Amino acid sequence: MTEQLAVAVLGAQGRMGIEAVKAVEAAADMKLVAALGRGDSLDTLLDAGAKYVVDLTVPDSTEANVRFAVEHGMHAVVGTTGWDAERLAALRGLLAANPESGVLIAPNFALGSVLASAFAAKASKYFESVEIIELHHPNKVDAPSGTAVRTAQLIAAAREEAGVPASPDATNTALDGARGCDVDGVRVHSVRLRGLVAHQEVLLGGPGEQLTIRHDSFDRASFMPGVLLGLRNVASHPGLTVGLDGYLDLGL
Amino acid sequence: MTEQLAVAVLGAQGRMGIEAVKAVEAAADMKLVAALGRGDSLDTLLDAGAKYVVDLTVPDSTEANVRFAVEHGMHAVVGTTGWDAERLAALRGLLAANPESGVLIAPNFALGSVLASAFAAKASKYFESVEIIELHHPNKVDAPSGTAVRTAQLIAAAREEAGVPASPDATNTALDGARGCDVDGVRVHSVRLRGLVAHQEVLLGGPGEQLTIRHDSFDRASFMPGVLLGLRNVASHPGLTVGLDGYLDLGL
Amino acid sequence: MTEQLAVAVLGAQGRMGIEAVKAVEAAADMKLVAALGRGDSLDTLLDAGAKYVVDLTVPDSTEANVRFAVEHGMHAVVGTTGWDAERLAALRGLLAANPESGVLIAPNFALGSVLASAFAAKASKYFESVEIIELHHPNKVDAPSGTAVRTAQLIAAAREEAGVPASPDATNTALDGARGCDVDGVRVHSVRLRGLVAHQEVLLGGPGEQLTIRHDSFDRASFMPGVLLGLRNVASHPGLTVGLDGYLDLGL
Amino acid sequence: MTEQLAVAVLGAQGRMGIEAVKAVEAAADMKLVAALGRGDSLDTLLDAGAKYVVDLTVPDSTEANVRFAVEHGMHAVVGTTGWDAERLAALRGLLAANPESGVLIAPNFALGSVLASAFAAKASKYFESVEIIELHHPNKVDAPSGTAVRTAQLIAAAREEAGVPASPDATNTALDGARGCDVDGVRVHSVRLRGLVAHQEVLLGGPGEQLTIRHDSFDRASFMPGVLLGLRNVASHPGLTVGLDGYLDLGL
């Protein structure tokens, strides 16, 4: 029988942390050995025998947490934001000195969302036209969403590399805002609607055909399969990986 | 056996006229008695015994065509644009003097599109949020589409009458255009994509639920069922009717 | 200032009841005066001064609850199942003797779902083809859903009344089940997918066009606007009303 | 300046052939040197200096056409059906003796459709649930479509290889056909609707999320970008390639 992964969750009282605790407990191949909240000592991880750390804390804490994990031979799966270029460089240095540890830093753990963005970018050079519609609950304060911006950037880069010209558009009379916003040449439209959570559609069009890649996130639970996939693969990916797509088998 | 309707098509060489000729010829309850193009004399209608006229000409011709039809006791189904308030007033006067004639002027003959707009307006007072996405081929020069503007106006009027507040929106940071344009308080987003024809989605959202009403127009043929429905009903609707919805049984 | 409605929730510890308690408490024009669970005495309603009762209990209790409410001059909004023809007849008799009370029995309180079914039935006589796709979570034990069956029946009745022939279908070679099931001549397809809650699409097709009416229920909260709408309207609808659509302004 | 590809279209009077002639004529990097119909001699290809052949003929002719092309040092892009295992083996033998010729045999030239199937198969091992809905015009005689069957087979193979269990389904009471048909364990639903052309949706679901990959084919023109892509790449792919995906850059 395979040994269970000994997992500790940091930030266990946060909204994501609560879900992660449940997900690890429910996974047959994992064992939750510690669940730390604000103020708990990292030494608890050693006593508990943790080999894997899930960091879902806050930007102020995440760097020290990951450093502690790596220095003690653990692997880390990180969903906390705040990893700027400087922090990433320092972490790479640390990992060079601890070559057996793996760290995954993922801005987005929703498998479907990561796949959708990758597919959209890959397909975009085969179509004349591409636009993005993202739809969220009306309490969201920014538009467009960060995921939509990243998707547009991936698409723009793929099209530029392939030498695909801009999407055709004969519009010469428009109400202000009708054609959405422009992210690196890709039009993005932001819908805000009560009842929704987080949704995104990439529309790709060519003569006589359309390809639509849509992702719906209904619930925070949608991030957990990605967290578990990260835990199962982080040990076999020593060093730093940024982005869950680094662990996905997307070669076709 | 029921007598066939004696139908003449004006503007028979135009794109819509060609479809109308085919549709009338294919309808078992109709007989095409004349198909007039630019320069043909309206007197041909009398020789041919036309009782019903379909006008799919140009703004410069349509008023004289309809006047001729009404003055000679025919009914008219009109898809030509250019009927401003002055022309409509004059036509109402003419019809008052010819009370047996019926005239239908319809800016949109696509049954599905007319139904979609009516349903969206009716539903809109029961939902907190409503937005419109319209999608067209990239050769379209205006944004948003005329149909989207009219749908937004119908929705805005229905919500105002019912005292429904504006759709909630917490956006405080946005790229220019991300949230679409504003038509009477309703957000409208215009997508332009190769491969598309004419499509519209009205999204209505409330706590935990969404209602979506979408219409796709793939082909000019989509207007013909509406033209035929107009011809079959115009005689029983003497006077002027503006909008195909006046002939639809939409009471629920 | 308008007086608040004095509302009691029966079945307040059930999943729906918990939502109803929250919704009534959050409504500015209502006051929650009682929240009864299994075993609580109905006499509590009198002491609390309840004028409106929301019954979200079980088939074994609902009839006695509604009888008590009507006999004591209250109005009742009922979401519990189990109201067969015999029970409805008895209730009509009771209401004839208590003509000031109103009772609404609604199998479905999701406004969007009720509207979607009504719109689909109304539109269906204008299109050659109609099919239904319903999509639910994979724990659902029956297929198709009750809502899909009712929608298909409404559509079938509307088309029969209008003399619309069956949807065209040239299929002569099919894998078993490919074309869905047949409900009164309407094809219904049932999708079961992890992550979904309750969703339904009615697809209507004619030459060159499609009308799609889709309802998504993401959350039990979607039923509460319908419950509140019922409470606000039940007093002005004395006697028995079956179906929330009886209170909706659907005339177009 | 790059030399234009000298292209001949075989089956030039068929529905696909007519589109191919137009597409080749419109492509700046190609020159149409011959357009052959039924009964025309293949020797015309030599006189015309054809270097590339598009075969859109019939199963009875395609093998001889391709053989002629290969034996005369041309490359061939083939959309005709009828290439069974025996014919493919013979063609491989022929190409072994003519190693500079490339032949592409593609059952489907719609880029978007090929991409959609590849993406769906790739994604399917990351989701608990997967189902397919295909939608076509009502004159189609078979259900499900060949593309849906192939997509289901690709998905089933990908999931089996990854050890993913069957999609969960608690259905224990169903009307006959409600849950669609079963293709290698994947549920497929076939909708037939007037107004549609050829459409397919793959729905993938996990906890709290859904990924939808949809392809719409509105028009035969949708096949032409794939034919042109085939022509542009066939010379650099000597030997036999089956399936347009062999030429697509799908590594992610």
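In this document, chain identifiers A, B, C and D correspond to the written order of the chains, with residue numbering beginning at 1 in each.
Methods note: contacts are C-beta pairs under 8 Å (C-beta built on N, C-alpha and C of every residue); 3 or more make two chains touch, one makes a residue touch a chain.
Values in this document were obtained by computation on a predicted structure and should not be read as measured data.
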| item | value |
| --- | --- |
| Centroid comparison with chain A (C-alpha atoms), farthest chain | B |
| For chain B paired with chain C, centre-to-centre distance based on mean C-alpha positions, whole Å | 34 |
| Gap in Å, rounded to a whole number, between the CA centres of chain B and chain A | 46 |
| Chain D: positions in contact with at least two other chains | 127, 195-196, 204, 206-210, 216, 218-219, 222 |
| Arrangement of touching chains [line / ring / star / complete / other] | complete |
| In the complex, chain B residues that touch chain A | 127-131, 133, 135, 138-144, 167-183, 187-196, 203-210 |
| Chain B-facing residues of chain D, complex | 195-197, 216, 218-219, 222 |
| Contacting residues of chain D [partner chain A, same complex] | 110-113, 115-116, 118-119, 122-123, 125-127, 204, 206-225, 229, 245, 248-252 |
